[in-house]
Each structure stands twice: as C-alpha cells, then as structure tokens.
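Both complexes shown next keep subunit A, but they swap its partner, so subunit B is in the first and subunit C is in the second.
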Partner chain A sequence: MGQVLETGIAMGSLYSLMALGMVLIFRTTNVVNFAQGAMAMMSTYIAFAFLTSLHWPVWAALIAAMASSLALGALVERVFIDHSSRPSAPIASLIITLGLYSVLEGVATIIWGANPTAFPWTLNGIFWHRGHLVVSTNDAATFAVTLILVVGLFALLRWTRIGLAMRAMAQDASTAQLMGISLAKISSSTWALGSALGAVSALFLLPITYLQPTMMDTALLLAFSAAVLGGFSNLPGTLLGGLIVGVLESLVGVYVSNQLQNTVVFALIIVVLYLRPQGLLGRHDIKKV
Partner chain B sequence: MLNVNDLTVTFGGVVAVDHLSFDVAAGQIFALIGPNGAGKTTVFNAISRFYPASGTIFFQGSNLMKVPPHRIAQQGIARTFQNIELFHSLTVMDNLLLAARGHHPAPWYQELVRSPGVGRAERQARARVDETLAFLGLEKIARSSIGQLPFGTLKTVELARCLVMDPTMIMLDEPVAGMNAEESLALADIIVRIRDSLHLTILLVEHDMSVVMRISDHIVVMNFGKKLAEGDPEYVRNHPEVIEAYLGREDTEPRAEA
Partner chain C sequence: MKRWIYPRGVIILAIILAIAFPLKFGTSYSQYTLDLILIYGLLAVGLMIAVGYAGQVSIGQSAFMGLGAYLATILTINDHWSFWLALPVAAIGAGLFGYVIGIPASRLETVYFSVLTLGLAAALPEALIQLTSVTNGYAGLTPTYPTFFGIPLRTNASFYYVALAILVILLWVAHNWISGNVGRSLVAARESPLAAQALGISVAQVKALALGISAFYAAAAGVLLAFLNQYVTPDNFSVTESFTFLAMVIVGGMNSVWGALIGAALFTVLQPLTANLQALQQVIIGAVMIVVMKFLPDGLWSLGRRTARLTRLWGEGRLHAER
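== the complex of A and B ==
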C-alpha cells in the first residue's frame, strides 16, 4: 500500500507540473494548450539529439533541453497565439494548439521514427528503502525537483514583478495594459515558463514512457484532468488535482486492473465535477465576462 | 501640453464625439463637463487610445494617434476610471507596484533567469510606491486587498496609482463620484495640492459642480459630443446655453447633482 502511494505521488507530481504549466498559460492568455505534451516531447528529443548526435555531456544536454523548451514556448506564443495585437476567438486558439499537437508529433515521427527508444541516460538505482517501501532515485529526484519548482513558481508569482504582472493580466488584461505593462511580454514569459514545466515533467517520465512521439499523450490527458479537477484557474487546486490523479491511477492499477486505470480515473473525475462543477478548490467566478 | 483637434469618435452610426477641439496648458486643472452621454468619458478613452478615432491628439508635441495603448503611460499620461479599475484580489501595494515604471517586466529571457537589473528595478519601484503611499496618507492600508476597502478610499488609491506612474498629466474620471460633501472637498484639495507640489496637469470629468467650479482653471462644456462653450468657471456658470442645456433653468446656482 505504501509503495502504491509512493508511485502514485511520484506520477502525480509529474502530472501536476504539466498541469501547472497549462493552468498558468490558460489563466494569463486564455488558451488551453493541448500542445503542452507534444512541446515537452520535442524537448526530450532535443536532449536526445544533443546526447547521441553531438555527444554532449548529460548536464549540458539537459540544460539545452530546458533552454529549448523555454524558447519553444515563447516561439509558439509569438507565432500562433499573440492576442495582444489581434484578438481572436477562443475556439481558434484551441484549434491551433490541437493542430500544433498533431503537427509536432508528426514532425517527431518523421525525424526520429515512431518506435519507442530508451533514453541513453536514466537515473538508476534505489535512493532509499525500508521494508517493502522502495523509493527509486528517479522518484526521489522527481519529488525534489517538483518541490523546488512548485515553491519557485509560487515565489515567482508572489514576489517578482513578472509574477505580479501575470496575476494582473489573469485578472484584467486591459487595465494591466493601461498600467504600461506590455501584454506581449507577459504572454511570452508565461508560455516559456509553462512549456518548461511540461519539459521537466517529460524528462522524468522517460523511464516509464520511453522516447517516442506519443510519449506524452496519456500524461497530457491526465494533466488536463488534474487541472479541471483543481478548477483550471487555481494553482494550489491544480497541484492537488495532479496528486489525486496520480494516486488514483496507481491504486486502480494495482487493486483493480491495469487496463481500467484511465477509465476509473476519468469516471471519478466526472463524479467529482458533477458534485463540484467549479473543481475542488475553484471558485464560481473564474473569469470576469 | 495637450492639443485635441477635430476629434471624432463614432460607434456604428452614433457619433459620440463630434469634431471636438480644445487645448490644455501645462499646469492647468482643466474640466470637461456636460450631461450624461455627452461624450466626456469617450474623450478620455480616445486619449487612452481605446477606440479608433479621427482627428488629431498631440501630447507634448507627439502624435498620440500613433501610440499603442500600453505606451500611453510611457508618454506621461495616467488616468482613473469612473467605475474604478483596480485589481480586486490584489493589495493596494501590488496595485501601485503594477503601475510603477521600474516594475514593468522585460522580455522573458531576462525575467525568468532574473538578470541583475531585474531585482534592482524592483527595489526602486518599491521605494517609489512607499513614497507615494506616504504622500497621500495611505500607508496603513498598503497591505489591505482592494475588495475590503470602501469606495471613497479606492478613489484615492486610484489617484495614488496615477502618481506612481510619474505622469506629466493625469486624467480623472469623476474623482468624487459616490463621496459625501466632506470627502469631496477633501479630495478636491488633494487634487489642487498634487497640481501645486508635483507640477502636474490635470484633466477632469466631474458632475459635482461645486468641486468643478472650485478647482478648475478652465472648463469645456460638452453636449451631444459637441463643444457647447468653453471658458473659466465664472464665464461658464453664466453662459445662457450652458444653463439651458446642462445646469437647468431653475438651477443656476452651482450645487447641483452628484
């Protein structure tokens, strides 16, 4: 049971990171980024390319992957999303991110093929164990990195000027603009940050999913559910939602059936949303109309 | 300072502002008055560049028609709103920080890696905000969130927010609306004090005639988007057409509506 929870929390942390990225982007720019997983997948392939083709050391390849994910987020925002100059219908940006999702997977398939590949470097071994409870090194690193990123994200939002501007833009973009804040800059920062959170998640999922173009499909769906469960504009709720989804998935996998994992998770989410349509920690007044 | 020439704003078929021209001199307290729907706030919004408009607006020699909305603040123009546009879930302090120039985010690669200039600019902005809070006596409520404060206080907070933007001109849209007579006079005094000690130019839309007549140097009266009359308070108060259209026939004594 302890082991099941441990695995669940590790997976849940990664869904939370993905989901926090999505929610951050949604709150600030009003776009649900369905390409979140595919963008993260591209970053892991970039790390792979640096490791195998250019023979960079692991740390440099990981830094390159993170830098590329920040840049990819900002680039996607600049090219496809930028609402600051030309407002467009929310449905249009939804289609754009869905389209981007399949285009990125297609591009990855053309370049690297559809077969799952093992990433040439993983965190092996056991970090800590007592009795039947084993914490692998990958899980321990997942916990540590998630904790650092979550605390860092909340500190950024609470105490820095970019964080304050993100909160302001989420609340009332036109007044923020009037304060002299460039919505374009906030918007690209948010996308860069959101994309990087997804990339971290993807790098830690590699030992489970292997490197393949569709590696983040399930994670995207679960992260999206986690975000919805949390209220979709509420960051602590999203964190909680991710952990719940991860633990549920793990419990169902062990005690019910591996095949039913997603089915049961989604069924429970539907029940929760039926009882609390605004999400676990969400409030009714999510967006001002 | 501000030269508005032939300004016209139309919404569909409705002409909200109709070939309006006026000039505001530096250091003036300049009031725009007129009945509801006369187009006063629309003039403010045109200067803020919210709507497409024809005609020209020059501010300190630069053509505002070529300036995007988020650069208006940089030009030295700050404003308040009729219905208060503060960020409701944020504190007074955060609302002011957002407006302070040093607190405006740079491109993402500088902000997210927190290059050295970022922290320095943040600290300077904080100092600027503290100074303004002290100037208007708002230190005690710096950490309160906007949602908890009474309307009259919020008007002052909005004014404080204008000041941290280091403007050369501020536009106040009904600064004393919703205040009682005592509060109104106190705020009117603050407005005069700001003009005198900070050497700002003030453009004002206000319905409270006692305040307008008390503090304005120059008044433009609008009706149906057009200029009806313009002059000093004495001239406007006695202008027959103004009395007819706005002040009301029997209500020549200025102490009218709120």
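== the complex of A and C ==
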C-alpha cells in the first residue's frame, strides 16, 4: 500500500507539472494547449538525438532539450496563436493546438518510427528503502525537481515583475496592456514556461512510457483531469489535483486493472464537473457562461 | 418549431444520388467508398451542429460512433433485434448519453467540453476491451446483414440505399433543427450567452442538447458502419478517428450542412491514398486543421459561396460598386 502511494505521488507530481504548464497558458493567454504532451514528446526526442547522433554528454543534451522546449513554446505561440495581434477566438486556437498535436506526433513517427525505444540514459538504482517501501532514484529526483519547480513557479508569479505581468494579463489583458505590459512578450514567455514544464515531466516519465511518439497521450489526459480538479485556474488546486490523479491511477492499476485508467479518469472528470465544477480549491467566481 | 421545412437542396441531392449511383459506379470498391461517404457525411453533419452551431469542439465522436455500433450489434446478436429497431434505439441511446455527460460541461467554458469528450474517446476503446463478456474484447463482433422484408441486404449496392435513405431523413431533420428553435438558440448562446439567457434560453441545456444531437448522428453512422463492414472492434473507434472527423467538418465548413458533407466526401476519397502511411496522414490532417483555421475559418463551403456571390455581382456589373 505504501509503495502504491509512493508511486502514485511520484507519477502525480509529473502530471501536476504538466497541468501547471497548461493552466498557466490557459489563464494567461486563454488557449487550452492540447499539444502540450506532443510538444514535450518532441523535446525528449531532441535530447535523444543530441545523445545518440551528436554524442553530447548527458547534461548538455538535457540542457539542449530544455532550451528547445522553451524555444518551441515561444515559437508555437508566435506562429500559431499570437494572442497580441487580435482578439482570440477560443475555438480557433483550440482547434489549432489539436492540429499541432496531430502534426507533431506524425512528424515524430516519420522521423523516429513508432516503436518504443529505451532512452539511452536513465537514473537507475534505489535511493532509499525501508521494509517493503522502495524509493527509486528516478522517483527521488522527481520529488526534488517537482518541489524546486513548484516553489520556483510560485515565487516567480508572486515576486517577480514578469510573474506580476502574467497575473495581470490573466486577470484583464486589455487593462494590463494599458499599464504598459507587452502582451506579446508575456504571452510568449508564458508559452515557453508552460512548454518547459511539460518537457521536464516527459523526461522523468521516460523510464515508464519509453521514448515513442504517443508517450504523452495518457499523461496529457491525466494532466487535463488534474487541471479540471484545479478548476482550470487555481494553481495549488492543480498541483493537488495532479497528485490525486496520480495516486488514483496507481491504486486502480494495482487493485482493479491497469487497463482501465482512462475509464476511471473519465469517470473522475464527470464526477468533478457535476459536484465541484469550480475545482477542489476553487472559489465561486467561475465564469458561468 | 411550428412547421417542417423541406429544403430543396436535400431533395435534389437525394434524387441525384439515388439515380446516379447504379449508373456510374460499377465496381464494388467504389461502391464501398460511396457507402462510406454517406456514413461519414452523416457523422460530419452531427459534429457540425456541435462545433459550428454550439461552438463546442467535441473530440469524442469516435466514442459515440463506437457506442452506437456496439449497442446495435449487441442488440441484434444477443437479443435478436431487427436492424431497423436496433438502429434508432442505439442512436437515441447514444444521444441521451451525450446529452447527460454534456450537461455539466456545458455550464462551463468550452475547454471542459473538449477535455471531457477527449476523456470519453480515450476511455471507450479501453472499456470495450475490458467488457469481454459482452463485446468479445479485441476480437470484436460480427453483426449479420440487415434484412428488408426478409431479403438480406448483402451487397454494397443495396446497403447504399439504406445509408442514403437514412442520410436523407436525418439531413432533413438536421435542416429543420438548425433553422428552427434549436439552431437559433444555439447561435444565440454561442454569440452572446448573457443575452441568450436573458431571452429565456437555458444556455447549458441547448449546448448539452447539441452534444446529444451530434452523438445521435455519430451513433447512427456507427451502426451503419458496423453493418456495412460486418465487423466491429475497439480499434475502429480510437481517438485518432475523432481527429479525422473534426478535420472533415473544419475543412468542409463548420457552419453548413453542405460544408460538412463536402468535407466528409473529400476525406473519405483521399484517405486510401495515404492508407499505408498513417503518420503522414496524421501530419496532413493536423496541418489541414491548422491552415484552414488560420486562413479560411469557414471552410471550403464558404469559398464556394463567396465565389458564387462574386460571379453574380460581376455578371450584374456591380463588382466595383460593391467594393
């Protein structure tokens, strides 16, 4: 049982990271990024390419992957979304990110093939164990990185100018613009940040999903349900939602069936939408229409 | 809705398709393709109502299609229902299901609707595999030919008339829906939810109804597909299918029945060209969605309509005045 919870929390942290990226993007630029998982998948393939084709050292390949995910996020925002140029139509940008998801998965399949590959470098070994409870090195690193990123993210939003600008844009974009905030700049930065959070999540999921174009499909859905649990607005709620989803997935996998995760997640989304549409920690100021 | 309308377009299309078919399309393969066009056309019309009229992007059409296909197949195999009874029951059942799950999502922003339907599309194949006792798992089920007054409809050609009849009836219903109360409420709710509510329209309810209608159409298409192929497996209803369906509606034009039909026909005809290259197909579908959304948001149908208008103005020598 303890082990099931540990695994669940480790997986849940990764779903939280991805969901935080999506909620950040959604709150600031009003676009739901359905390509979040596919973009993260691309970054892991870029790390893979640097490792295997160019024989870069691991740390350099990981840095290159993170840099490329930041760039990809900003690029997608510039080319496809461009929030600043005209009022965004929610459906249009939603469909564009869906299209991007399809394109990226297809492109990755054409370049690298559909078969799952093991990533050439993993965090092996056991970090800590007591009795039956084992914390693998990958899990320990997951916890550490999630903690650092979450604290960093909250600090960024709370105490920096760019964080303040993001919050201002989320609250009221046109007023923020009148206050001298460059919507284009903030919008791109938010996308870069959100994309990078997804890439971190994908890199730590590699030992479980392996490297394949569809590796983030399940994670995307689980991150979405984490975002739903957070009411698509509340960041602490999203974090908590990710952990709950991770633990639930782990419990269902062990005690029911490991082939029913999507069904359970779908049921969870329905229940949450009926009972707490504003999210776990949400207040009642949801947009009703 | 007080009076039913009988749009000329539907009647003309029905007559043309009914006469043209046996004359021209001899080979069994092109007959099969034509059958598929009718089936996906049906689905696309339903999806168009959800996306275009309600402004709700459903990624769950593959699931509703699968639900209809499996319901009807199970009813005819296990309970020995007739195809003609199983078809409406399965379609209405899936429609009700769509309505019920649509209610909570419709009260919120459009995001929730898409997330919910994505979840459904991911869950259904998995659930079908798990319910082996009823669905036969991966192996799938094989429905038998529908019969018409005791005559089994064995060929792609005879099936064509079944699909055509159902498409025409449901096109006529769709026309009446979207030009009547339902359609106007949907447009009102999409354009200005507050004003719609002030007029006494329950925004959440009409949006959920739109998902119900689209689920009904998808399920009817699913039943037809199952009986045409004589085979259903969970693989037929994966999330990727839903992307293709969305692309059909977006490319054709998401504000018109004819646009949806054109999109469905286009994709059905072009699909075999990339059948061996699934990844390429994925790229094309995604790219087409992005490009059309960016540069031609109302789809190919709007292009046709615009050209027609310009030609008319040009013919009347008023093109310059208009500009």
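To be clear about the criterion, the second predicted complex is superposed on the first by the 283 of 289 C-alpha atoms of A that agree within 3 Å, B and C clash if a C-alpha of one lies under 4 Å from a C-alpha of the other, contacts with A are read in each partner's own complex, and residues count from 1 in each chain.
Basically, contacts are C-beta pairs under 8 Å (C-beta built on N, C-alpha and C of every residue); 3 or more make two chains touch, one makes a residue touch a chain.
Everything numeric in this text was worked out from a predicted model, so none of it was measured.
In the superposed model, A:E105 lies in contact with subunit C only, and not with subunit B. Residue contacts after overlaying the shared chain place A:I63 against neither subunit B nor subunit C. Within the superposed three-chain model, A:L178 lies in touch with subunit B and out of touch with subunit C [touch as defined at top]. With both complexes superposed, C is the one of subunit B and subunit C in contact with more subunit A residues.
Judged by the touch definition given at the top, the superposed model places A:L281 against neither subunit B nor subunit C.
By the touch criterion defined above, A:S188 reaches subunit B but does not reach subunit C. Once the two complexes are laid over each other on the shared chain, residue contacts for A:A168 go to subunit B alone; subunit C is not touched.
Look at A:A140: by the touch rule set out above, it reaches neither subunit B nor subunit C. Overlap of the subunit B and subunit C interfaces on subunit A comprises no residues.
In the complex of the two chains, the subunit B residues touching subunit A come out as 48, 69-74, 79, 85-90, 94, 97-99, 101, 103-109, 111-112, 114, 118, 121-122, 125, 161, 165.
The touching residues of subunit A, counted against subunit B in their complex, run 70, 74, 160-162, 164-165, 167-168, 171-172, 175-183, 185-186, 188-189, 192-193.
Interface residues of subunit C, counted against subunit A in their complex, comprise 51, 55, 57, 59, 101, 104-105, 107-112, 114-116, 118-120, 122-123, 126-127, 129-130, 193-194, 197, 203, 239-240, 243, 246-247, 250, 278-290, 293-294, 297. Per the touch definition, subunit A reaches subunit C in the complex via residues 26, 32, 34, 80, 89-92, 94-96, 98-107, 109-110, 114, 213, 217-218, 221, 224-225, 227-228, 232, 257, 259-263, 265-267, 269-270, 273-274, 277, 286-289.
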